[in-house]
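Each of the next two complexes has chain A plus one more chain, namely chain B in the first and chain C in the second.
So, the complex of A and B:
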């Protein structure tokens, strides 16, 4: 149909307009030619014009003051939020006490035995070692605090997510409502979720748990809905043909058929909950994240690493065990499964009781290794020898300095120098060329909202860091991805590295960059690059490897060189994957650049942290809103058009 | 019996059948906006598929189809993909809701059934076997077969026992505890078949059950169905796009094209006297001597022929007659109850094989709506 309608004007329009991109550009140019002189005449200035901003900080301060004043008296808080808050505190406390009562031996035994039943001997051993390592590093109590918070948050996220997913999976209307919301939540940086929760619940464990739930529930909901909707149609029909009731269908067919997605959802929810539980130390989560946060604040890399390593170990263990549970689904269950579970339970109880009788509930102090000091000595050595003045290559601090002065500064100044309307125009052009007019409109509105909120300058500062980090990420990521796609050996070498890197919480990446580059904007960008790189490499590699082998073979049979194959066959055919890689890269980089506010990244991330630290919620909330807008804008600008693929199907 | 209550116009009335299992009258299934207006409006109903889509945006998957399924027979619905045969069989138990027409099972109006009654129908009276098996991947073979009984609320021990019997019947002993993922395609379809059999339904509905299987396995499975039908005499409605499968299994065949039944008759009638050029084209490559019987190929015997020559039953195929005639060198007699109905000689038999002679088939049950 589309080709028929397009064919008619083709004879009239000049040749270059045949391309849809050119037509879009022409339309935008016309649009701009009318609006820009108007806008420029009215509000001529480089930055966002003051006349177009709305001061929201004053009403926000009032709201926040009102909430603080009424938190203990207003019925809404007394009878609703208060109960939620109390319930959360109670649950976390209860889990924490259970973990402490089980003692370190009991907890380690329980974790290992669960891993044994779910994932086999090797992971069980790994789990045990990981937990013991947490104790050895002197981090047993913070680890248990984080674990307690995680358990409660994950349970709540799974319940909330599964219910939402059930609704979206069974009702088309709910799906239409929920899907865009969940999609958007997925691309927003974790930091954006902190402030609204703090506004209602104040700083503390309830706020941390709820922020974690809000952040971690969407993947569960999405995957539940996906699993329920993706069930084999013929199986459902067969089940219906046997005369099942709707409830029987749900319980005996739809949910079991979605088990893979449900477990994947659980896995993702756990990983995101861990990531957020660590970040939520900023709003009073305590535990490991808090240790990292405090250590980073005083640039104590050793202490940060001592708390960071348990986080990484927890992440890897949780990811592997839940992942292995998903892989085992297809297999036949062992005949004596239940007995073995009973053994596991018995073993746990025995170890816990033994620990209790031996009076060794707390991790013995004598068994801790002082980890921070040698690390700090190493860092000091690095500071002395590698920071600057290394012949030929220069030092790490020099690199950071050069990156700041030659890349970040000019980019920031350039962006801030650009007239505000031209920024909007660039956003519109990019978004429309890559996506549809709808995504372009959302992107422009989000960008304009930033201006209206009055945080144009810091947002452009953040944007400049994002752009610089994304550029580095894409260059490195595409190069590595192409290399991995072309050579099996490179891919084999990369895979375990990528696996570990992709499971680590965002927060952890800040530790090594602070050790290497000190504080500032360059380390924030570096952490963002390291965080986003694995996803970009992985998507690129997969995209290139999934290129139709027949197309590749035919080009080879025509005598194309490897470079010609790459340029003329693989890259064009992998275009959707590459665009997805860009999109993911941008979203992930933004998340960490914002967190970089903790290590001197400045701009919006700093505003959030500072707002929290000073109790100035208005500033923080405005910055949080700007982060949301920025995330929305960046995601929409890089969102490839979906229409084409839908039509093809 | 249902024909007496139906509002069939004279030209769509079909010859009444003694106690049909399924009785379908003027059935329509139209997909698209305002689908129900199409069957109701004679102008729209008369349009061809392209015209209908242009006028209304609708597609008629099943157009004004009527037939009876007799007790104990294998009724084959045959047509190319997109001819509406799968939609038709789903309409029988309202897995797809028909747009217009009547369906009766044992005289009971299916379209008037409420949810509970319909569920009863699906649970006890009609079970279906699917092209891609539709097995539950997380259950063992035994639990898959017992699934229908589980739905009905049969206790665990009893349903497992009954399932085990059926599993043995379809030749899957020893595989009770495998998962569908560990079985071959043919074995999976045996599970599908067993699941349908386990609920002991009155009718088995097959939706292209063997299309996804290899040719050799397909032949095995066809023979399995023939065997089951011989043993149990269960009524079957069998959907297929494979003509040889239809001829092999079907007691009667309804040939569909663009949603309508073009011809309905025994395999012999369809091959021997195609209703139109479409059917003729369809059956052109069928080895006629294997389908046509001597009853249709014979001529009246002269007095001396009636006394001698090899004797054949009227149901014997022409290829069997060729063998007998070639061996004896004389025309063969077609004998029924000791009476000579006629004879087949070289000339008649070669005429059948060459397709030059069109034997007039007696009582072809022409489809009412010939497109």
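So, the complex of A and C:
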């Protein structure tokens, strides 16, 4: 873009071409005028031409068969993957055994006491209540299984992420190589990570842990690198002048200076690991996610909720405790810090031993609350009364039906009706107008790759769901964001809600929408809207609030009404933030629309699920690759020239 | 600095390789990390998504836990991946299999990592069904040759101009797409996504007395709620479904089978023998299924209720 603008003033061009956007459009139009007739003459068809697809399913099936046949004999598996798999199983098992040996009382005590030391009394009480609630819901053992898996996955992610981050933080070359990869990994939906590991490791805990590590390590790496690079230059110089070696500088100055980023990375890694550990139930992770997955398969909302609540509680507790630890960093440590930690340790051991002596290691069956039945009765009542035929407003199923027939169907049919080259052209135009020619090129290539893989139609189906959900998200998000930016009270009310919503794993959103809208594409879109909304609201509010007060003041003095102020001053000035909100909205919506395959969302997400379900990894892998391409394309199309910080979990 | 780091990394990696790489690790012989924790004897059962299979697992789980003192883990795995998981020992048993000749060949005959666990006692049959109210009004719909006549009436938003043949979960045994092509039918196979979704739709259709054509199977508790009549497809002959692309015949009647992991079958003690002896009737299974699906009872309670009233049946399995 910079080169184009630099050349502009010297050439004589018609007025409208002075704008870079118009020039880009003109260039694209020229380009299209040459290529489209050619392409159309060769491969005239609405969908992606068959001549341009490559059938990869057969080689993939062969690979998959070969792996199954050789998994117990080939050295690659015996001496490499086998050990990884073994190590994972051993670690998870060890943690699980420790958790079980501590008993429910011991685990609860340990968690609350750690929370007390790290984050204070209130969070400690909250943590204790959260763990007891897991037990009350009859989910103690699944919670421990998820926790065991999480602990191993988070530790591995932190190690891997910190190593990568160190490399990128210390070497410019590594940084250049790693940064685009990590950036891209953060925008990809979690589902896309599942299949490759299943291909190698088969369904089960090792695959689940590894998928989680791959998903959760990037934020740690990014933030480590950021922390190391962002260290105060003057401090570093001062340290250097003391004649320290590079290693001393790293250990005594750079890492301590970066600890805020490191803790933030830990926080994000934990949240993403939890989110993934739950999604990975589709590939046999067991634990809480598996209960939700089982319940969703039989549309048993009560059971899904009983397993979903512990997930939410775990997420909120982990987020708050690590967040509080980050905030406390700068403060002076209390003088008797060490003794208090010892008290905490002693308390935990005492409670655990007491639990063991009382023979109460397992959560007593008598203490569980049958939660599923009343909820299901409520849901049944809802399906009977609110589902359809409610006077005036119509039932929820009617809304879902209308949304499907009036929004999703026309959009999907429209997209699929568009000639393939015009889709590419639209992608190129949008990406170039908002970003640079590089982003446009990536976007077009990604879209073309989808066609080459032979999943053009389902991808456009997914795309239509994403677009519809994004539109709804943006309307709601901008409206709420504007309201929150204009009124402090609204913002205060919204903040805790947004906080909780932002920490919840994607999987959990599927439960209420199934209860409300049944199964199909509409509920998938609805879940996506709810998931993406908090980020959009937050970014919009921040963007609007950061608008220079002087500009606002001067417009007010010119007699602008509040509406005029908003439209003519605030919104234009907040444009970068709004674009970022769009980008985030699109990325988050895609992630959930894909998971929507589990509740009848169809298209790509469904292909992944079906591929896993039928053991037909070829279908699943192709769909997974298409998801990656779609994610890339959507991110690049909406990517403002400058990227800013992103939402973590 | 760089050289030193590199040497350190190389040394670290190679020592790691030495530490771990000196023996072969067979990952096909790994059980779940959650199995047999704390000396508790654990059995992991694969649970499938249809209610009949849930009923099998619920009763087996109840008996294992309350009569034999095992801890039972259930894992939801779909049918084909379940075979893989079973061969690796991540699952100990599949309680209801509808016939997967490829997998049987690979794991039971070639690799010998899975052994047959005997009949479940229930015979399964897959077919195409229309609601009985529709079959009564149009008796000739029950022959596949007349299906094209009714394609118009069976059209929906999702089937795109053709009649809709509703399938449930893509993971279930199905030849429907091949059947529609090979029998030259003007129908589109629409997957509801899960059996639960399919049941919801069938119930909604039935409520409004609308016609529908669906992939369905016996034994199934839903027949008690929505009576359905089978559409006759070209008769099944041994081997007519050998090539999945060229199938043009009905589904067979399959005596449902149990399969056990080979190691578990050898050393699983009482649990393995209970699961091998587990054999009940279609009525028994339907009784439990109805309690779970229609009365919304927790599977555990449904199993308890059944076990309390059928003591003689399951006492025989314990020996």
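As a convention for this text, the second predicted complex is superposed on the first by the 631 of 649 C-alpha atoms of A that agree within 3 Å, B and C clash if a C-alpha of one lies under 4 Å from a C-alpha of the other, contacts with A are read in each partner's own complex, and residues count from 1 in each chain.
One rule holds in what follows: a contact is a pair of C-beta atoms (placed from the backbone, for glycine too) under 8 Å apart; a residue touches a chain by one contact, two chains touch by 3 or more.
Model, not experiment: these values are computed from the prediction.
Participant: State whether chain B and chain C clash or fit side by side on chain A once the two structures are superposed.
Facilitator: Overlaying the two complexes on chain A (C-alpha atoms) leaves chain C and chain B fitting together cleanly.
Participant: For A:78, decide between first (touching chain B), second (touching chain C), both and neither.
Facilitator: The second partner, chain C, only.
Participant: Of the partners chain B and chain C, which touch A:159 in the superposed model: first, second, both, neither?
Facilitator: neither
Participant: Report for A:201: first if it touches chain B alone, second if chain C alone, otherwise both or neither.
Facilitator: A:201 sits against chain C, while chain B stays out of touch.
Participant: So, does A:35 touch the first partner chain B, the second partner chain C, both, or neither?
Facilitator: neither
Participant: Specify the partner with more touching residues on chain A, choosing between chain B and chain C.
Facilitator: On the superposition, C touches more of the residues of chain A.
Participant: Have a look at where A:342 lands relative to chain B and chain C in the superposition and call it first, second, both or neither.
Facilitator: Neither partner.
Participant: So, does A:125 touch the first partner chain B, the second partner chain C, both, or neither?
Facilitator: After superposing on A, A:125 lies clear of both chain B and chain C.
Participant: After the superposition, pull out the minimum Cα separation from chain B to chain C in whole angstrom, please.
Facilitator: In this superposition, no C-alpha atom of chain B lies closer than 12 Å to one of chain C.
Participant: What is the shared patch of chain A, the residues that chain B and chain C both contact?
Facilitator: The answer is that chain A has no such residue.
Participant: Note which residues of chain A are touching chain B in the complex, please.
Facilitator: 232, 234-235, 237-245, 248, 252-253, 256-257, 259, 329-330, 332
Participant: Which of the residues in chain B come into contact with chain A in the complex?
Facilitator: Residue list for chain B touching chain A: 90, 93, 95, 118-124, 127-128, 130-138, 147-148, 150-152, 177-179, 181, 192, 195, 199, 205.
Participant: So in the complex, the part of chain A that touches chain C is made up of which residues?
Facilitator: 68-69, 71-72, 75, 77-83, 85-90, 92-93, 96-97, 100-101, 145, 148, 201-206, 246-247, 281, 284, 286, 290, 293-294, 296-300, 361, 370, 372-373, 376-377, 380, 404-405, 409, 518-520, 597-600, 602, 606, 609-610, 612-616
Participant: Flag every residue of chain C that touches chain A in the complex, lowest number first.
Facilitator: Residue positions touching the partner: 1, 20-21, 24-30, 32-34, 37-38, 47, 49, 51, 54, 73-81, 83-85, 88, 90, 106, 111, 157, 169-171, 191-197, 200, 293, 296, 298.
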